[in-house]
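You will see two complexes here that share chain A, one where it goes with chain B and one where it goes with chain C.
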Partner chain A sequence: MSEIKKIKNLKEFSTSADRFEGANLLCPGCAHSIIVREVLNATNDDLILSASTGCLEVCTAVYPYTSWDASWIHIGFENGSTAVAGAEAMYKALKTKGRLKQPDREPKFVSFAGDGASYDIGFQWISGCMERGHNMMHIVLDNEVYANTGGQRSSSTPIGSSATTSPAGRISYGEKKNKKDMISIMAAHQIPYAAQVAPNKWKDMVKKIQHGLAVEGPVFINAMSACTTEWKFDPKDTMSISDLATDSLVFPLYEIID
Partner chain B sequence: MANKGWDEFEIGAMLRSFNGPVSDVALTHQEDRDYSENNSFTASVADWRIEKPVFNKDYCIDCQFCWIYCPDISIISRDKKMVGVDMDHCKGCGICVEVCPTNPKSLLMYSEQTDEEEALAAWPSKETGEK
Partner chain C sequence: MAFDKMELRDIEVWDGNFAAAQALRQCQIDVVAAYPITPSTPIVEGYAKFLADGYVEGEFVMVESEHAAMSGCIGAAAAGGRVATATSSQGLALMSETLYQASGMRLPIVLNLVNRALAAPLNVNGDHSDMYMVRDSGWIQFDAYNPQEAYDLNFIAFKVAEDHDVRLPAIVNQDGFMTSHTAQGVKTLTDDAAYNFVGEFKPMNDMLDLDHPVTHGVQTEEDWHFEHKARQHRDLMVTVMPKIQAAFDEFEKLSGRKYNIVEEYDMDDADVAVVCMGTSVETAREVATEMRAQGIKAGVVGIRVLRPFPFMEIAEALKDVKAIAALDRSSPNGAAGMLFNEIAGALFNTDTKALLSGYVYGLGGRDLTKAHLRDLYKELQANADAGKVTTQLQQFIGVRGPKLAFL
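Up next is the complex of A and B:
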């Protein structure tokens, strides 16, 4: 097992060299890139990444540009998790046969997806990855709405929210269904680690990500990502809105081990 | 990258982030990397900005809150010290100013045309609790 990067405080953390680049086309104040940076900086190991279709994928891979300084793949809306699972299976097979080109390095396998690509569209694929026990991590950038296509409700939209397909007004108070409890569903796959994180609590997040990367087996992380465009707040308020959500326990931070 | 007709289709593309082979990207800072022209680091989103952050190092305590919460990798920190703002990649969201804990703030937003020297000369003084 490779060594876990030591991050005691923020000053120490700030010596990290980012592997995610600017001039991506995410909205100003978007929490997606804050989450991605905190995840990528939490480790010094080689990374094999994927992204399912969503804001993150659309904005970081605008041909002819890429914003990723690690191996990164995008295939379809639903199969970001299985792309990484396939790479992980190939890594294991080559390792068994002793055909790895750099056998001393232990890459980490991480797939990013939005809540639409995880809770709804890619649900079956993620369930398969978790059930087969790939040594990978799936991170949901949960902004609780289909932000890339104009704010339609997803199954992650919490009760009372006003999405464009469930608007609040004279007739209705907004979304009528509760948020899908994805962490419980994933924990029911008997995976070694499932957790909820938020970018404003960076230390908690880095601790959980490092634990998730260190354990053997599939890991599911649900990260709250405040969306300036669809939640309709000023870009500079991303952190205070995230603080409100986590401190009021609208988005509780917890982990389920084994 | 020739233009394609309406019924032609690009099956897939592979872009390289760097020129030539690299190792240990995680330990190499941006100024030491050999970026390829396909890396978005070589592009700029400076024209998105309406307001720009101005950094006053006299008041900075190097807490690095701006570094961790910057969505665009625009706060340059080296050796645990805040060095400055990367104006090619800053989109002017203002998160760094919001999270800055010093009094007065060591980062403030000014309109894009403001002269940086003038802004620094007229920096607001410390706020007291009195009203």
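Up next is the complex of A and C:
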């Protein structure tokens, strides 16, 4: 069972134990770090984490430093989900064989990846992890664009966006494809839980993360991550921009159970 | 222990794939993440069946691609346990990105690589183009010439790779079909003797040590990247070879079977020598013996360890011969062959006057026959007699049409 954390108010929540240090290289106003802190603060469980190549990875583990006070792995752009799945398989093997160093503790396995690393290049790896039923959670930090490489469209980029590879111009309004419905695709894997969350709605998000950590089996979370650099808003406006997106239902919050 | 041991006869009739699968069982692999590809598939099928029958304890993760197979192996190895997989050809090509990641992250994974040609054109048969493709990936590479060696070298590979002074992944090569699907007598170790030889897995920087969190796979740029790569190369150049020799020595004491960094056959007084890998080594040895009956002092040097490359050992083995043939079973696609280049490099600054010529053979599983090798030894003798290379430097053996030669 997952160890649910009791949270009284935002002040206590935002200042509680950090397994993700504020000392990182993410942009001021970047929602990635807010999402990660909300996920890590939602539980007292031991965590085995991964990040796929992207902003979160390049900004939080630059040798000889690390921002992570929980075991963390990065391999490549497409395979962060499978890294955690491999670790989860080793956990099961060592549990069977009686070789766990802390046999009474039950870590949770969580992979973080951007929308490019999830919707596009890592799609097959995530599908495999969900289909095989690993006891893990995959969280998309969905800023709807390849931010780390400078603003190219991904299959999460919504229609009408101006990305560097689908720019709005004299005769084009920009991106012409609708955003890929990743949650429905993941739900079709018959996983126990899939949800869309946003860090500005932190109580809703924490509840969903806690539910996801408590269920047995693969969980898929799509988290809206407002990008001050590529969405081109003032870093102080991250929360108000996020409120606009969720309150207008441009980015609806919902869950699919069983 | 919750698994059953297996009573093996002293000599079993196994093909190379089953011999490797039995070695994985005896090493009690914790996690195998794998994807099927001809001709390596029976290795991981074997592990799965041993698991299903209760002869091994662990997790078999049947993933959706070879890239995911090695990705899962990396995650499992970083978590802290004994990890193995198998692949061939296109599968290796797909996982090649992760091979560099596994070695750079210093994770001791063992990969059984059943050598097969690379497309196009698509071909399932054995040549060494997959082995060659990843030779600079930072993995230790062993080469087996028959099922017995495919079995034995797996134990050696785990012992060396998991040594805390090494912590590098290792590949055990065997020839597709010629070794992998050809059943021969294989002398076995008992389950206890085999497991005791490789020993208990000793974790290091394991993610599952929850009291000591670790960060694997960091970012480095021009400030630190070079130092990491240099350290890895240093360990391959300095640390690994003595560890391999020590493992060979210990294995000989256990089994009576002696392995060497380079395998010399009739090289003591040889005038002409063939250098090759895989099943061709055994063919060349038979032909060398025949040639000696005809008055040609022929020898064979087999490469047992391809990475780290046995630069000094090769120079020593070849220092007194008059003519050498380097046999490459991979198309160099616009260059001299890999073995030709490595041997040339090993000999260049020495006092040897040996003449070196290169041969490309056996692509896509084309046979290298004894007749080919008889002709080859005669060419080498002609070179030795003339005191110069009498042919072009690079020749193709056994390809249709007019004789193909370059350089």
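Rule of thumb we're sticking to: the second predicted complex is superposed on the first by the 250 of 258 C-alpha atoms of A that agree within 3 Å, B and C clash if a C-alpha of one lies under 4 Å from a C-alpha of the other, contacts with A are read in each partner's own complex, and residues count from 1 in each chain.
As a convention for this text, a residue touches a chain if its C-beta (ideal position, glycine included) is under 8 Å from a C-beta of that chain, and two chains touch if they have at least 3 such contacts.
Predicted model, so just to flag it, every value in this text is computed and none were measured.
By the touch criterion defined above, A:Ala70 lies against chain B and chain C together after alignment on the C-alpha atoms of chain A. Shared-chain residue A:Ser172: touches no atom of chain B or chain C.
Contacts of A:Val58 after superposition: chain C is touched, whereas chain B is not reached. Once chain A of one complex is fitted onto chain A of the other, the partner contacts of A:Gly128 are limited to chain C, with no touch recorded for chain B.
By the touch criterion stated above, A:Lys92 is placed in contact with chain C alone, chain B being left untouched.
Contacts of A:Gly29 after superposition: chain B is touched, whereas chain C is not reached. On chain A, the patch touched by chain B and the patch touched by chain C overlap at residues 46, 61-64, 66, 68-70. Partner chain A is touched in their complex by these residues of chain B: 1, 13, 15, 17-18, 24-30, 33, 37-45, 48, 62-65, 67-74, 77-80, 86, 88-95, 97-99.
Chain C meets chain A in the complex at residues 2, 30-31, 33, 57-59, 61-65, 67-68, 71-81, 83, 97-98, 101, 105, 206-211, 213-220, 224, 228.
Interface of chain A with chain B (complex): residues 10-26, 28-34, 37-38, 43-46, 60-70, 199-200, 202, 234-240. Residues of chain A that touch chain C in their complex: 46, 48, 50, 57-58, 61-64, 66, 68-76, 78-79, 82-87, 89-94, 96-97, 99-102, 105, 107, 124-125, 127-128, 131-132.
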